[in-house]
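For reference, chains read A, B, C and D in written order, and residue numbers begin at 1 within each chain.
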Amino acid sequence: MTQSSETSGEVALIVGGGPGISSSCARLFAESGMRVAVAARNPDKPVLATLEKAHGVRRYACDASDPAAVAKLFADVAKDLGTPRLVVHNIDGRVPGIFRKNILEADAAMALETVRNSAFSAFLTGQQAARHMLGNEPDANGVRGTIVFTNASASLKGYPSSGAFAMACHAKSGLAQSMARELMPQGIHVANVPIDAAIGWTQEDGSRAHRLAGTAVEDNMADPDHIAKTYLQLHRQHRSTWAFEVVLRPWVEKW
Amino acid sequence: MTQSSETSGEVALIVGGGPGISSSCARLFAESGMRVAVAARNPDKPVLATLEKAHGVRRYACDASDPAAVAKLFADVAKDLGTPRLVVHNIDGRVPGIFRKNILEADAAMALETVRNSAFSAFLTGQQAARHMLGNEPDANGVRGTIVFTNASASLKGYPSSGAFAMACHAKSGLAQSMARELMPQGIHVANVPIDAAIGWTQEDGSRAHRLAGTAVEDNMADPDHIAKTYLQLHRQHRSTWAFEVVLRPWVEKW
Amino acid sequence: MTQSSETSGEVALIVGGGPGISSSCARLFAESGMRVAVAARNPDKPVLATLEKAHGVRRYACDASDPAAVAKLFADVAKDLGTPRLVVHNIDGRVPGIFRKNILEADAAMALETVRNSAFSAFLTGQQAARHMLGNEPDANGVRGTIVFTNASASLKGYPSSGAFAMACHAKSGLAQSMARELMPQGIHVANVPIDAAIGWTQEDGSRAHRLAGTAVEDNMADPDHIAKTYLQLHRQHRSTWAFEVVLRPWVEKW
Amino acid sequence: MTQSSETSGEVALIVGGGPGISSSCARLFAESGMRVAVAARNPDKPVLATLEKAHGVRRYACDASDPAAVAKLFADVAKDLGTPRLVVHNIDGRVPGIFRKNILEADAAMALETVRNSAFSAFLTGQQAARHMLGNEPDANGVRGTIVFTNASASLKGYPSSGAFAMACHAKSGLAQSMARELMPQGIHVANVPIDAAIGWTQEDGSRAHRLAGTAVEDNMADPDHIAKTYLQLHRQHRSTWAFEVVLRPWVEKW
């Protein structure tokens, strides 16, 4: 790919580490010649160890809802690999107990925890990314850095039995918009990418899972490898034509 | 007014108590024959004492971001006055130190505190309101109760130097939408009302302040007495024609 | 009603005349003391004759997609009744043959006709309303006049098999927004009111139809009598707190 | 570029032909190995003759607001080059006399003409594209074809003194949404791309004009070469992750 030359030596940091979008991003970015760091609460997950072995991805332990931990993460990555030019915030943040709970049932502490895990960690990640990236020289596209927030359809619509997640996702969108208006004129591309679909993932045997049970359509989930491509394209957009929000959904998705 | 007869004996609870929208709501609701409760962190503010004297408004102390305190508030109001049919959440929630701070400068703890004060208190208020109102009989318009969330233009757009508030206001919108989809089919009207403007207030001498300094136009701020009228109209809407979101702005506002 | 005194002698013009919203508006406005004109392609419909007999509503023949006809309508109403303070554009405009046609099937001429009937007639009506109203003195609420555009959920979302109507309704929203930004600072309240529902109507025997066939819920359609109330409230809003867009839907509507 | 192999032999049709986006698309698509057709009212413009000479782009005369002419265009392109897999509708459509006219001044006939030129031609183009593309076999990404509608910020917001254009652009958005919901599950990717900015162009001497007069920032206009890249990326998106709407704006644009 011609992309490799453009990105050689660039540092990418992915905050949040699972077998879906984070893994796909780590692989694609590494294959494009970037030095890649992934941060997760538990960096010892097999999926992350595999990324290290196969792609040289560096792993960091970080609770992304802790201000000091996020500051340390960015300082460590800068020291170890260099200042990132591409930062992806890829944390869902839902406490399991909050799933499918309506306003009558939802536990208040879990609702607040969900907002902290998701939106507040986005704030901390975005803040550190901005502080570090402003020191970068503009690249050939005029870009000092790109910050991508993975988001969900709950950022576009408040669904029933999903109030806490609607709060978290809407908050993340509001933050991203505010940051975009502040940072884009300073050369930092901020993007909000709601995925309006179930998302596929890599299974233990290394194969891709991207089919929803009970349907005949093969590609009825968003394939995270293709999501990662869009993220990289966003990072490559010339600053004269930046997209702020891109909603991705599979061809068969109802909306 | 013919409205009085419709509302006689109804209980209204206003969460958040200041000289602007809360005071105007308390006055209008009381004049319409409702029994009115106002909750504030400090219920001893002169503006609330005045409401009690002039309009029989009952005052409650409540930190609306504390789950137990909000549960107690609703229990107390139900016992003292009866179950509310109209609940207004009217809390801005910004910590002073977060004003006009961009993402580089904003203090993380203050950002989280702003979200707790505003969006999380809306969650707690909305949850208690829903739990209590579902026991009400439908009124002549088929309504068991109305929950109004005052919101701001930061819920419509993430402005620069306003990231924390954008998070809080967007979160509140997402919550309100989710609650509306859950509760409207059960007879509870949920409304989100972003005020896209500076808001006037009552001054110490009892006169209305509603002119922005340095302009010739008299009515260039949203008059909270008129905001209160819209809230009451929302409460009176027949359930066959409910509005969920109403953005209010003065005639001269740019948008 | 105290409203009567506020509106006594005011002129209202409803463009489009059927048994639903137009009839409900005509009745409510007349009962509120306004002098009411209704314009329709065929002013001899029984439903309009009934309005004349029962409420003194004046009927005008007008093809609202014809510039000269709309200019003549406003001139005639001004001469006969006085300059309107409240104008409602209430035309759906769909050519029957365009219903439920997808992009492969839709007849191009019918699609264009739908846009002309709906959005272009809104343009002509809005233009004449603006030209006439700017000569009005502000009333007690600071209002020279109110222009309400009835709209549909197709203005909020482009549904499948509804492309031509999506074009028409979106166009109407764009027009209304542009007019609002131009005219509100001049004292004319412009409002766009998408009705996100099936709408009830008056049946031949004078009773209201507001139940969708095959459902148990009595009030599962938007009741046009209540839509008319919202229009009148919009006309009464003080100019310090104007709503531009109000989406109305029944409590049981999915959205 | 690896892209060449993916697109070799594919046919692209650009409806609308000027020195900005259309020219940039024609060049990029041709350089990517596609056979390119451009349709314009006047195909003899020097800019199009240059594209033919330098890139083998085929020119067609077509009034895109005429149903028969658009049907003939698609039939001719299919016969001459093959069925298109990528169709770009890139027509602004504003009649010069409608520029900067408010609702009081705007000529009604010009307003309707603007809607016909822009939105109705989009309807005709989209309809023919859909009819032809459904016969294509899915490519490696599962795509039968891509239809891109260039749009403007007037599709996002109704600006003052721009009512007719707001109608046209909003109509185009509504159409695109409806088509997307119909056609995406059939393997046709429909995208709406509002450019929220002034757009650069190629000057007579072949150099790029992309600086707004009177500003210090070099790249303060959307560069159409980069817009074209986004269009090609949209065409290459795997059907498991399609974007419907992408708003592009320069880094320094206020929004």
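Definition applied: a contact is a pair of C-beta atoms (placed from the backbone, for glycine too) under 8 Å apart; a residue touches a chain by one contact, two chains touch by 3 or more.
Given the structure is predicted, the values throughout are model-derived calculations rather than measurements.
Note: centroid distance chain A to chain B, computed from Cα atoms, is 35 Å.
Chain centres here are Cα averages; for chain B and chain C they lie 31 Å apart.
Here the CA centre of chain B is 46 Å from the CA centre of chain D.
Multi-chain contact residues, meaning those touching two or more other chains, occur in chain C at positions 181.
Viewed as a contact network, the protein chains form a single closed ring in which every chain touches exactly two others. Here, these are the chain pairs in contact: A-B, A-D, B-C, C-D. In the complex of the two chains, the chain D residues touching chain A come out as 1-2, 142, 181, 184-185, 187, 189, 195, 200, 210, 219-223, 226-227, 229-230, 233, 237-252, 255. Looking at the complex, you find that chain C touches chain D at residues 67, 102-104, 106, 108-109, 111-112, 115-116, 119-120, 123-124, 126-127, 130-131, 134, 154-155, 157-164, 166-183.
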